[in-house]
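So, here come the structures, one by one.
Consider the two complexes below, in which subunit A is the common component and subunit B and subunit C are the respective partners.
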Partner chain A sequence: MQTLIRHPARLPVILLLALHAVIVIYPLFWMITNSFKPTEEIYAASWSLPTVWMVENYAKAWRGGISAYFLNSVIVTGGTILLTLAISVLAAFGMVRAETAGAGRAAGLVLMACIGGMLVAPQVALVPLYKMMQVLRLQDTHWALILTYTAYRVPITILLVRAVFLAVPRDLDDCAHIDGCSSLQTLWHVYLPMSRSILLTASVLTAYHAWNEFLFAIIFIDSDRLKTIPSGLMNFRDALMTDWGVLVAGLVISAAPIIVLFIVAQRYFLSGFAAGAVKG
Partner chain B sequence: MPARALDLWLYAAPFLIVVGVFVFYPLAANVWFSFYSFSAFSQEMKLVGLENYRRLGTDPVMLTAFINVGLYAAISVLVQVGFGLVLAAVLSQAFLGRWGGVLRTLFFVPVVMSITVIAFVFTFFYDPMTGLLNMMLEEVGMRSWTRAWLGQSSTAIYAVIAVSQWQSVGYVMMLFIVAIQGIPRDLYEAADLDGAGPVAQFFHITVPQVRDMLVVATVVTVTGSLTVFSEPYILTGGGPGHSSTTLATHMYRSAFFRDEMGYAAAIASVIFVATMAVSLLQLRIFGKAR
Partner chain C sequence: MAQLTLTDVRKSFGTLEVLKGIDLTIASGELVVFVGPSGCGKSTLLRLIAGLDTISAGTLDIGGQVVNDVPAAKRGIAMVFQSYALYPHMTVRRNMEFGLKMAGLPRPEIERRVMQTARMLKLDDYLDRLPRQLSGGQRQRVAIGRAITREPRVFLFDEPLSNLDAALRVATRVEIAALHERLPGATMVYVTLDQVEAMTLADRIVVMNAGRIEQVGTPMDLYHRPANLFVAQFIGSPAMNILPAVMEGRRPRIKEGGALHLGLRPEDLRPAAPGEDVVLSGHVTLVERLGEVTLVHLADATGRSLIAKLDGDVEVARGQQLDLTADPERLHLFDADGQRMLRPT
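On to the complex of A and B.
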């Protein structure tokens, strides 16, 4: 209070931040409190705290389908991260090697493919991809999601990894060569250990996209039992009819992992988002 | 050293294959498909030339989609880029101390949430009978303002746009926080000595110094609006009628409800040209600045 009297100009700043904080917090607060209520109470008093805390809403949501969607999301997200990192690390390594060995033109072509790939919005490829998934018999499999998510995340991931690989001292690379390391061993023993931070950044960014992707998820997966969380929630809502407390509990379960991941790995999220936007 | 070039192609092969098959080939095939008329579940394709594109010009839903996407872009630039920059500048004030970091984290939380989760929560808020929005309006004596926000053609698109703002303003804010961290401190110190107040410093130092990020953020926001799908699809399905249709929801409906895959491909081509134009504009602006 005293600092405010000394610095009256800070008052509008604090008011603005407080107002925005309320706007952001309220829907989250609403979600958590209403996830513990019976449906009638959500109707009658959705702003108040629950009179009885119905923890069983969570058990019902979990058993009523969320557990399967959750597992599917874990499989698709995990698969996408592994595939994206593997492909990106190899390509970035090849590019850096080529650039320092006088094959810069070829590396430039790969770089162009990265930048071109980042400019294509997934929506634009939807109709041919749908046809393709049927021809390749990937429609209604997790592979349809893992492969497409990977394809649209790899270009930016290569750029992120390449920037770090470029900073690996050439001497280390040469030493490894003299010590008899093959190229792949050099990648594994020299480059990767020096790139932990960017690999984590790339992983959380990929996880964020794969966990939340919606358009491909509703189109490439038909069976309810294979759906990931964002598309599965649509079925979950329709199946519940009006059991809203359970629905909201399902929403909390769906949102929690990525929020927790964000808070724990915040540093990696933020550097990744920033780099992603600037390079994109 | 051609051996190194060969190495490169081997290392880059998985990337080139996966991107070729799932990004570049579909992009080319989409243009090809847009000259045909065909259905999702048959192999038969009928060549119709430019007919799909001719239809685009006379499709009233296309016009609505363009207007909605334009509204989306205008409001998003205003709120996300404009307000996002103000939030970033305010959060970068030294006197906030630890609170700056805490609030920054909090404001970013909506960005990482799934749009399905957010859209469902806002569906509850917009409910005409029990929703919080109408209840709040009644509480403050504005009963005449209450309405079925998502169920009425005049307000549906705005209600949808509002949800996107809630989710995404934190993202653009974060981009600006990173940009502001790169501004040399002595610029502000010099301004302090000259007696410039915080508002003057914002307009004369912060804004010009983050100019590159302003361009990037605007491009990200506008291309995001051109391709927006999930929010209108989940909240309104593009309705009532076609009142909250966007380019992407119109494409989706054409492909998977009306089974006009060729026409949907033509809409996708339009989306591609529009997003490319915005991205090229960005490159041009940067090209001029350097």
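On to the complex of A and C.
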């Protein structure tokens, strides 16, 4: 309050942020309260707190298949994070090394390719990707999702990681060289530990994308046992009788890991994102 | 302990030749300082010795072995960087251990070396701190300590004091001098822009310019007997005054248009007493009183700027006409090509 009195010009900004907080928090609040209600109560009093807190909605959702979808999402998200980081880190390191070794033009071409890759909308590539997955016999496997998600996350991750790698002093490279490190050992012992924030940031952003992705998840996966949470939740809808309480409980289970991840990684996430933003 | 021999060492980046044939021998246990203006190639030469850049032509021999193609880690060198180059995510202890671990030394040997060095440099209390928790001086001590733990044959210092403030620079310079005393067998190569560091630390100084060595000698050799105009003006602060001159009999005389160059160090000039030979005169344009000495800037009849370093209490004022003299044996004479001539008598 005292800050506001001293700096009244900040009032519009604070109001805007407060409004944004309401826009973000209220749907979450709605989702959590309704996940404890029976369907009739959701229709009758959607905005009130539950009269009886029905924890069994969560048990029903978990038993009804969410547990399997959850595991599939963990596999796909984990695989995507690992593959995306591995490719991006090696590519960014190669680009930075090429730039310092005077092969800046080649690194520039890769950079252009990265930016180009970010411009391709997933919907545009859907049909060719589907055909490619059929040819490679990857359709209806977790690899179909892992590889596609990785392809879409690699360009932005390379840009973020490269920006941080560029800020690693050249002397540290030289010092590692004198200490007997090969290029990969320099990457492992020097660059990666110094880039923890941005790696965590990239992991969170990749997890957010892979965990919530819906379009490829419903097109590339047919078998119910391989479905991830977003496409699996579709099974909870029934043309005649959808149990909305259970469905919303499933949504909460689906959203919870990413929310927890954001909260836990918040400090690193913010610093990593800022580093990537200003050092590029 | 190793002798370092460079034979016609050249380095080119594309078509640009930055080192144009360096011939130099550094004796085992010697501390040699490379000085020269920015871009003269001294840091490039140090990187070639370290193995961080490849030699375009010529040979580099360390301890009797040509090491042109030997990787940096196997040359038996350790380098202290201007930026300290400490790994920011490792504690002081891990920074000092890292190179030894990579070399595959046994754990007890690593611990012995780290503890011994930490005691020597009084770093015992900081071993578990991260570099960011240390002051600039402490960081540079860690960097030096890391080099010592490697027990190298040759120490390389790349402007190690440039990032320190004036007081720390003096203190760390004294520490490096003490280190040289404590490790008499260690060959040290030190690059700096600061001639005070060069003069105070070096057994010998190598003055470089435009990719070549201009002169190699002891600090006092270079000060008293500069081989050419470049060294004469580079060594000494303020720089030597250079005036055109001719020979009259066996004595040089300042004369406009003369083919020779007469060098007068500012500290060798003093106000001429009545009846004394006047070497040069001019009107005072600026007086800088530094306490111990006074720097007097003059302009002679042609408008040429000159400088004299006089006693701190000398009575002189701006605008005054001042006659200066110098002992004849303090004059330096250079030929038309800028090369030193025999001292005039």
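Basically, the second predicted complex is superposed on the first by the 236 of 280 C-alpha atoms of A that agree within 3 Å, B and C clash if a C-alpha of one lies under 4 Å from a C-alpha of the other, contacts with A are read in each partner's own complex, and residues count from 1 in each chain.
As a working rule, a contact is a pair of C-beta atoms (placed from the backbone, for glycine too) under 8 Å apart; a residue touches a chain by one contact, two chains touch by 3 or more.
Keep in mind that what you see is a predicted model, and the values were worked out from it rather than measured.
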{"item": "Touching partner for A:137 - first (subunit B), second (subunit C), both, neither", "value": "neither"}
{"item": "Touched partner set for A:179, first subunit B, second subunit C, both or neither", "value": "second"}
{"item": "First (subunit B), second (subunit C), both or neither touched by A:267", "value": "neither"}
{"item": "Greater residue coverage of subunit A in the superposed arrangement, subunit B or subunit C", "value": "B"}
{"item": "Touching partner for A:46 - first (subunit B), second (subunit C), both, neither", "value": "first"}
{"item": "Which superposed partner A:169 touches (first subunit B, second subunit C, both, neither)", "value": "second"}
{"item": "First, second, both or neither for A:225, with subunit B first and subunit C second", "value": "neither"}
{"item": "Partner chain(s) touched by A:63 [first = subunit B, second = subunit C, both, neither]", "value": "neither"}
{"item": "Contact residues common to both interfaces of subunit A (with subunit B and with subunit C)", "value": "none"}
{"item": "Subunit C-facing residues of subunit A, complex", "value": "169, 171-172, 174-175, 177-181, 185, 189-190, 193-194, 196"}
{"item": "Subunit B residues within the subunit A interface of the complex", "value": "1-2, 4-5, 7-12, 14-16, 18-19, 21-27, 29-30, 33, 40, 86-87, 90-91, 93, 95-96, 103, 105-110, 112-118, 120-122, 124-125, 130, 132, 135, 166, 170-171, 174-175, 178, 197-198, 213, 216-217, 220, 223, 226-227, 229-230, 233-234, 248, 251-252, 255-256, 261, 264-265, 268-269, 271-272, 275-276, 279"}
{"item": "In the complex, subunit A residues that touch subunit B", "value": "3, 7, 9-10, 13, 16-17, 20-21, 23-25, 27-28, 30-31, 34, 42-44, 46-47, 86-88, 90-91, 93-95, 97-98, 101-103, 106-107, 110, 113, 116-117, 119-121, 123-132, 147-148, 150-152, 154-155, 158, 183, 208, 211-212, 214-215, 219, 229-231, 233-234, 237, 244, 247-248, 251, 254-255, 258-259, 261-263, 266, 269-270, 273-274, 277-278, 280"}
{"item": "Subunit C residues within the subunit A interface of the complex", "value": "47, 50-52, 71-74, 77-79, 81-83, 85, 87-89, 98-99, 102-103"}
